[in-house]
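Got some structures for you, see below.
Heads up, the next two complexes both have chain A, just with different partners, chain B and then chain C.
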Partner chain A sequence: MSITRRQLLILLPAAAVAWKSILAGTPEASPNYNMTEHWWGMLVDITKCIGCGSCVRACQMENQVPDGYFRTWVERYHVSDYDIENPKVDSPDGGKNGFPPATASDGKNFFVPKMCNHCADSPCTQVCPVGATFVSPDGVVLVDQKYCLGCRYCVQACPYGCRFVDPKKKTAQKCTLCYHRITKGLTTACCENCPTGARQLADLKNPNDPIHEFLKTHSVQVLKPYLATRSKLFYNGLDGSVR
Partner chain B sequence: MKAFKDAGHLFRLASVFLVGGVLFLAFRGVLVPRSFGQYGHYRADAIKETAALPISYAGHQVCEGCHADVLEVKSKGVHKQVACEACHGPLATHADDPASVQPAKLDTAVLCVRCHEANLAKPKNFPQVVSAEHSGGAPCETCHQPHSPAIVAVAGGNQ
Partner chain C sequence: MQIPVEGFMYPNEVELQWSVLIVLYPFLTGLVAGAFILASLERVFMVKAVKPTYRLALLTALAFLIVAPLPLQLHLGHPERSFEMYLTPHRSSAMAMFGFVYLWYLLAVLVVEIWLDYRRDIVVMSQCTTGWKRLVYRVLTLGSTNISERSLHIDERVGWLVTVIGIPSAFLLHGYVGFIFGSVKANPWWSSPLMPVVFLFSAMVSGIAIVMLLYMLMCRLRREPIDMDCVDTVAKYLFYTFIIDFSLEMLDLIHRIYEADESFRSLDFMVHTRLFLSQVVIQILLGTVLPILLIGVTQVVKLAAEQRKRIYVVAGCLTMIGIFAMRWNVVIGGQLFSKSFLGYTTYKMGFVTREGLLTAIVLTVLPFVILGVLVKLLPPWPEKKSAISSVAVAAYGAD
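On to the complex of A and B.
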């Protein structure tokens, strides 16, 4: 079989098109989702948190988080009236099974749910040597599980302690803001299962999202604002003693 | 052409650089994933891969599609904000195949106290009890029905 120059010139562009479709990879899982229309964050209302640990359990089940590691966890603070600079913090098993009764009645006690702050200027993505972690166009900090080397730079860089290296996969793991759920129109596993509504997923690009009204009418803070990470985890009722 | 008398080694050097450059571009073309750099210094396909992960919690909207009777009871009580799977656990498998995957029976002695056991750190307006003193060891559902926990005077008037 011989191919003339004319046939070769016709075949080449066709082969190029075919090759491109081979390289294109898997089709998008949620075809109706447009990344440019969203900018995700979360609202945590500390005044509503009861420390039941539903969010921690839900996160572990939804994302197969290994035992002893946490993508979200709940801390209990005890702040004495006489030493507000040095709160006592406990979080038995990440608060997964609730908390034992608080004993100290002086000062104040409260719960603080913690997770990835999905910073718009995140320190963790800046230190990755291989481009395996990044802020997605819709504002979620993700890890490329196929690209991550497990070097732990990001684990050290996160000022909020929200990353760990999976003991089996040896790659960096963190909260994905349940990206596989929010792209399908669901809320995150932790927000879905919070019985008091202390956690709420927020889409800052959606003008009808209740987050806008909430931010207007409440004194809302982020953790460690002096680090200028542009965190998108907004806390209502955050005490100054919280680290 | 005396100036170019010994130019041969320059051409050899240039060809080494040329071959090196071509090899570099060829390896780069093969090794760097196609979607790398589409949105930034990362592989854009990683976004799709994360989005394609399986779901464990179906979401209360899915539950309510079939269990309208429970929704009716729940919507009248103080537990109307509590999502089904917060107590019943992840049941996306049950939603996909209701016949073969049955949710486990729940133990109120474990579930209720998770939220309602008294703790100083809980908000003061949240209903809390010291379970040992409150019920004298009787299971919670003796008096309270979890879907609508307020105690109604008429017997059988509440579910």
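On to the complex of A and C.
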């Protein structure tokens, strides 16, 4: 069989596309997982957080997070009785190794675990010039590492400071809600390692998920609600001073 | 490298994401848009006094437009993937549209207008020159060697139409750069509907100022007298545009001070400390108020030509510094405070690094080198044109 020049010109781009998809490889299979059956979020109970940093350490190990960057971190708030609008906040090394003893005797201290809010109307995915970051059908904000340009616009657009650019990969990184785990029926590394159950993975599409009962019976808040990002990181016991 | 932090920053915020190269990007595109709008004054709005700057303004716009995407490319973590913006653009992203606006402006507006305006000269030069120059001009003719009166008349009409299309395109080019910042709702320093308008007017200010300075510089280098009527008119437009630009910036500032929302205390602190020199001293006082006052003096007091020239040079240079400071304060200033409004970080600029000062200097000088080549290749001077005309008459007859 001989190929004409015209046929070759048609075949070459098709072959290039096919070769590109072969090189890209196939994603890790989760045969029993159906994206459309889930809508993931997380519940953080501030009243239970003890600031031990287990979640931060677990996340860094599970996801090989580079030193000095954080997919999740813990902040300690100190709110004085006399100046509730100006809290003192610290988070030494993202709270990875816990916190030194609090020095101030007045006011109140509490810990606030932070991570990607997996917003349904996420400002970060809106600005990505190539759509490398997106909200998956099951409500998780992800980044396609093979597609990200590293322009950092998404980092600027995130109101919660949850993104960074990996110094080696030069692409945007963030919490994936341990997507490689939750699609296999596991919980996230941070939830798994929280000794007090302050973090709970929540599937809002699952009617049997305890999140529904919790949301019915508790006063729950999200961070920066005025930005209307439809955050799915729900906080119980969130103080008004938390930013 | 430890970055000094004051108060509390979210841990991922300590390092600045956008460097001095991203300061350069709106600065360069602003010069493009401003220079083009100045050129359109002559072509569309029939301001004949600025005619000596018309071609120079177009070439200046082209030189800066060629360099404008380079800081972005150098900044990207994966520049090799940047072409994906054309192949799979994300339509909700302001940045994604830049590629298209840029290409439209470069290929459909600026290059076409320059080519149409120079086509006659190019054809004549392709006949009069020898060696590699002849080859270059022959390529530039694109095979179109008809310079009959009718053909040139068509060039003129089409060129006018391209300029008319070019004006909203220039507005789009830079207004949209402002939108890239103004639409980031996470950042109160940037998030403002006034941002595209402020960017647009500051672009016009910087573009007019650079063409005015370049025109005077080139006249001096060529030992030609400066057309004072032209420079006075350009300065007058600079003055009016500057007043609008300054009013808009002050409106934004007063609005922020009066509203004093939750971010105000943080931003106010920044302006009084980390940005005091670059914003209050350099941008507002030296880079805006002083040049407005200087040019204002020439508008109300009758001064000798030599004095006016000196004032224009000083005011033009101060304007360029002020507009660069404005870009700096927007881009860098917008990243110095925490989105928690509880702390402040510091920008540490490298020198010989990919996004360092040296790269920024090279990228600032590069457009002038390109402009030098363009001016050599396509002289914007009327006397050259007349010299060419005589050759053209000899070569092609009166037709």
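Following the convention adopted for this analysis, the second predicted complex is superposed on the first by the 216 of 243 C-alpha atoms of A that agree within 3 Å, B and C clash if a C-alpha of one lies under 4 Å from a C-alpha of the other, contacts with A are read in each partner's own complex, and residues count from 1 in each chain.
Operating definition for what follows: a contact is a pair of C-beta atoms (placed from the backbone, for glycine too) under 8 Å apart; a residue touches a chain by one contact, two chains touch by 3 or more.
Small disclaimer: the values here were computed from a predicted structure and weren't measured.
**Student:** Should chain B and chain C be called a clash or a fit once both complexes are overlaid on chain A?
**Tutor:** The answer is fit.
**Student:** Once chain A of both complexes is superposed, is A:Ser30 in touch with chain B (first), chain C (second), both, or neither?
**Tutor:** first
**Student:** Determine, under the contact definition given at the top, whether A:Gly197 touches first (chain B), second (chain C), both, or neither.
**Tutor:** So A:Gly197 only meets chain B here.
**Student:** Would you sort A:Tyr147 into first (chain B), second (chain C), both or neither based on which partner it touches?
**Tutor:** It touches chain B and chain C both.
**Student:** Residues of chain A touched by chain B versus by chain C: which partner has the larger set?
**Tutor:** B
**Student:** Taking the superposition as given, does A:Gly139 touch the first partner, chain B, the second, chain C, both, or neither?
**Tutor:** A:Gly139 sits against neither chain B nor chain C.
**Student:** Does chain B (first) or chain C (second) touch A:Ser105, or do both, or does neither?
**Tutor:** First partner only, chain B.
**Student:** For A:Cys162, select first, second, both or neither according to whether it touches chain B, chain C, the two together, or no partner.
**Tutor:** Once the two structures are laid over each other on A, A:Cys162 reaches chain C alone.
**Student:** Tell me which partner A:Pro113 touches in the superposition: chain B (first), chain C (second), both or neither.
**Tutor:** After superposing on A, A:Pro113 lies clear of both chain B and chain C.
**Student:** On the A-aligned overlay, A:Gly131 touches which partner chain: chain B = first, chain C = second, or both, or neither?
**Tutor:** both
**Student:** Under the stated touch criterion, which partner chain does A:Gly41 make contact with: chain B (first), chain C (second), both, or neither?
**Tutor:** In the superposition, A:Gly41 contacts neither chain B nor chain C.
**Student:** To be precise, I mean the smallest distance between any C-alpha of chain B and any C-alpha of chain C in the superposed model; what is it in Å?
**Tutor:** Least C-alpha distance after superposition: 6 Å.
**Student:** For chain A, which residues belong to both interfaces, chain B and chain C?
**Tutor:** Residues 131, 147 of chain A touch both chain B and chain C.
**Student:** Can you list the residues on chain C that touch chain A in the complex?
**Tutor:** Checking each residue of chain C against chain A gives 8-13, 15, 17-18, 72, 75-79, 81-82, 84-85, 88-90, 92-96, 98-99, 180, 183-187, 335, 338-342.
**Student:** Across the complex, what residues on chain B touch chain A?
**Tutor:** Interface residues on the chain B side: 34-36, 39-43, 45-57, 59-60, 79, 81-83, 85-86, 89-90, 113-115, 117-123, 126.
**Student:** Which residues of chain A touch chain B once you look at their complex with the stated criterion?
**Tutor:** 23-26, 28-30, 33, 35, 47-54, 58, 61-63, 76-78, 97-99, 101-102, 104-105, 109-111, 131-137, 142-147, 176, 179-181, 183-184, 186-187, 189, 192-197
**Student:** Per the contact definition, I'd like the list of chain A residues that touch chain C in the complex.
**Tutor:** Going through chain A, the ones touching chain C are 68-70, 73, 75, 87-91, 93-94, 114, 123, 126-131, 147-153, 155-165, 169-171, 227, 243.
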